[in-house]
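First chain written, first letter: the chains are A, B, C, D and E, and each begins at residue 1.
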Amino acid sequence: MQIELKEKPKKGATIIEGFPGFGLVSTIATEYLIDHLDAKLIGKISSDKMPAMIAIHKGQIIEPLGIFYDQKNNIVIVRAIANVNGLEWDITENLIKFAEEIKAKEIISIEGISSDGKPPEPEAFFYTHDAERKKRFNTLNIKEIDEGIIVGVTASLMTKMPETTFLFTEASSELPDSRAAAKVIEVLDEYLQLKVDFKPLVKKAEDFESKIKEILMQTKDVVSEKEKKESYFG
Amino acid sequence: MQIELKEKPKKGATIIEGFPGFGLVSTIATEYLIDHLDAKLIGKISSDKMPAMIAIHKGQIIEPLGIFYDQKNNIVIVRAIANVNGLEWDITENLIKFAEEIKAKEIISIEGISSDGKPPEPEAFFYTHDAERKKRFNTLNIKEIDEGIIVGVTASLMTKMPETTFLFTEASSELPDSRAAAKVIEVLDEYLQLKVDFKPLVKKAEDFESKIKEILMQTKDVVSEKEKKESYFG
Amino acid sequence: MQIELKEKPKKGATIIEGFPGFGLVSTIATEYLIDHLDAKLIGKISSDKMPAMIAIHKGQIIEPLGIFYDQKNNIVIVRAIANVNGLEWDITENLIKFAEEIKAKEIISIEGISSDGKPPEPEAFFYTHDAERKKRFNTLNIKEIDEGIIVGVTASLMTKMPETTFLFTEASSELPDSRAAAKVIEVLDEYLQLKVDFKPLVKKAEDFESKIKEILMQTKDVVSEKEKKESYFG
Amino acid sequence: MQIELKEKPKKGATIIEGFPGFGLVSTIATEYLIDHLDAKLIGKISSDKMPAMIAIHKGQIIEPLGIFYDQKNNIVIVRAIANVNGLEWDITENLIKFAEEIKAKEIISIEGISSDGKPPEPEAFFYTHDAERKKRFNTLNIKEIDEGIIVGVTASLMTKMPETTFLFTEASSELPDSRAAAKVIEVLDEYLQLKVDFKPLVKKAEDFESKIKEILMQTKDVVSEKEKKESYFG
Amino acid sequence: MQIELKEKPKKGATIIEGFPGFGLVSTIATEYLIDHLDAKLIGKISSDKMPAMIAIHKGQIIEPLGIFYDQKNNIVIVRAIANVNGLEWDITENLIKFAEEIKAKEIISIEGISSDGKPPEPEAFFYTHDAERKKRFNTLNIKEIDEGIIVGVTASLMTKMPETTFLFTEASSELPDSRAAAKVIEVLDEYLQLKVDFKPLVKKAEDFESKIKEILMQTKDVVSEKEKKESYFG
């Protein structure tokens, strides 16, 4: 596994990462941010242990693990659309090394958690060791996470890099959930003072939900066709 | 696999360890002891071979394999809440090295065994090579274990480190069993002369049973949701 | 894995490769080109990680991964008839190294994609970074690919060697599809100015479809017989 | 894998080994001999590739692969109660090295074979290259083995160390068969001139059958409980 | 994997090899030749990756992969009775090295192929690069193989050592087929001018079919009993 960078972000950047999880909250939210902030692709994480698969959307190759950069706000976004099962520790180590190399000031990890059938409006939670950041979240009326089981890259970041800022949002189902993703963006907007016009946000998040669903559905088709076809070759 | 220590215990400490086993006796009992003795987290055992998963309970990260220290009684407690299947030998070697490094005077291993439908009051048993310790258990009316098949970290400790003191308690089912855990604590209290007020002990053990059950149930949910979701990505 | 060459192609060759994929388009098309251009076997890709299996057709050994050369047009064709699952990254690295060694000027990768129940006439699409090549495809009325999930060697080439020219053709089913293969050949003929008489092309492609189907069917029989037989030996 | 010895046997010892096989003949027989000859534990074979599991019987740890020594008769007994599937070649190499180190004069391997529904009285067979030993077996009215498929450690010893003396006994079922084990002991007694009073032998062998059955049944219970419990943790 | 030789054949020997395949043609045929030519065991191929299993037949150990030598005709026969799945490439490399070491003049590989329900008299086919050998087969009225999928050691020999002479015979079923084996022997007799009295050949081949069936059936029984028994140990 390696991180390939075509361009190095400025010192003191904020890294936002979100690997596919519950409600695909993090993938939808990072996708939205990349589009909204007009962040450009500056690199990717690649590994020969990932399946050989690539998505094309609107004529563009969608890097499975792309690294995007918004120079104006000095924000780096890691957008993941691939299944990284079994590679969590490896990815986490690469993310930490990357953060050190670019002298990032903060890593923000986005993750969806189950809302357990609660009313529809998703709630956001944070987890941080940093007193200053805690205060900022409190000001924004975001509560600390109290209970939860976290899996995947977020869990390995919690273990290896507890200085990370974790932002959780309830998702009402395991299907791609754009309302939950919109909640994440709303919080991030306030937390990072991005001053985005978040009125059309839910609408836009729904578009990204569609895009990601489309890619996922195609993936599903291709995979099942592939499985059938392989029976020819044994 | 490595053991990370933020603080080194004093020479001559007693190490109490309990990996998840029958009735989850050892996990409930160590959890209780940590709370009761107000032991603080001083380190953890970590391995990239364990699944990337972490529990948050009452706003705190629950280390899958945490090392706690009660300085007053010079007791080190290893509390395990993660599945360590396939890592038993590796963990055992690390525990032995750890015991040597901190010059521990005794390792006590807690394990649940089946009560085979016997009357509800769980009985405790010991296994030790040490004549002095045998006598102490006899004084406490605890019998030597006569028959049993031991698996997991306890079994690998018996093989690699037979100088360990083993404390077994019958559990009446494979579900988390707080009565059995309370029995362990009662014996440990007497054996180590911790002078705990063990009146509210069964009640408290029940609380910890709930806590652990909660964490396990959440884990189960997350895992099954994770499995469903993965079908998108193949 | 290694590439064995009996004869080295001239500098500046065009490499056409097609690994078995949707509709077996690439296998049928490369087979047709080899026959039509009278390209001769100059080498093979071999790996002890592939199953020990070989096809004989019309008295000739069919190399699972054969390399053919048409000296007149300076075209190298990689014809794959074996299942290369799990070897995609390895094959891609070998293809890239091979292209460098023979100082190839272009790699063209052929792949079938699902036509999603559209009218029967298959459409072709391209993907390239190169402005000159884009223009050439535009002249030929071939559109850029807009949406798709690509798997296998084509996907790993897209990741590791995006300078490759990718030629996609819709196939109407996952069964060997000679119409789609004929479309590929038609486009390649125009793109590479091979000046083939492509009138009898569909008919011929059908013959190659039969040939490949025959080989695949025999493979299937042998494999299932093999599986039955193995029960004797455990 | 390694062999750990607390005490080295005298030069010229006879090694008797029996790994769990058909009818558990070898495990019951070696167990009986250890008891009867009052052989003491002098070492063990251990490997981190074996499952972490240990049996306690009558207050004693039962080493999965224990090495026992009867100094009077200069007999070393390897008693195996653990599943060693996949480790057969490794164990065999260790046994051969061990035999060389202690300058053993003979290895005797005990194995059960199917009686194929023949009358109840089990028959014993031998296999040896040594003319002298053949004669001795002939004197005892034991026939050479004529037909059979041998698996496990016995098979790997036949391959790597054909100088071994093999003693087979028919067992009437795949359940622990103490009659078959008694037959082995009877033959060994005569072959090695141990002068044991083999009158109570069948009775005693039945006791050991019970002991081993008990251990195995407990093992089975523990294993199936372990499997259920693991579903909590995934 | 290694080849162990007790005796080195003369320079210029012909190696005949046959690994278990369709109709077990090659195993029956090599077995027959060893008996008929009174070839003696001079070595074996052994590997710790093969299952620990050995057959005893008429009091003799049947080496899973035995090497036999007929000095009079200077013929080396490799007789395989073991499942070598997954070891095909490894075995082939060892066979090639062996052929070089003993300066063999020809390797003949025997393989059964499906007769696809054709009339009962099995037909033989050859495959060779050598013009001289082709002529010899033509004189014997043996045709070149036209179509087929070859698997196993024969396939890896075709890939790695195409100078081998391949002799195929149709078998009418996947069960051991002595008629097909007899056909192989008839052709080999003529091709190698062994001048065997092949009148009783079919009868004899049937005996060897029985022998091999017996060994295989025992193997099957032992394996299924072994699987049942293992459930005790988990």
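Going forward, a residue touches a chain if its C-beta (ideal position, glycine included) is under 8 Å from a C-beta of that chain, and two chains touch if they have at least 3 such contacts.
Fair warning: this is a prediction, and the values are worked out from it, not measured in the lab.
Think of each touching pair as a link: the shortest run of links from chain A to chain D has 2 of them. If you take chain A and chain E together, the chains in touch with both are C.
These two copies of the sequence, chain B and chain D, are related by a rotation of 70 degrees on CA atoms, to the nearest 5. Note on chain placement: the centre of chain A and the centre of chain C lie 36 Å apart, centres being C-alpha means.
Chain centres here are Cα means. That of chain B falls 58 Å from that of chain C.
Across the assembly, chain B contributes residues 51, 219, 223 that each touch 2 or more other chains.
With the ring opened at chain A and read toward chain C, the chains come in the order A, C, E, D, B.
Interface residues of chain A, counted against chain C in their complex, comprise 46, 48, 51-59, 61, 214-215, 218-219, 221-223, 225-226, 228-234. Chain A makes touch with chain B in their complex at residues 20-22, 51, 82-83, 85, 88-90, 92, 114, 127, 144-153, 155-156, 158-159, 162, 174, 216, 219-220, 223-224.
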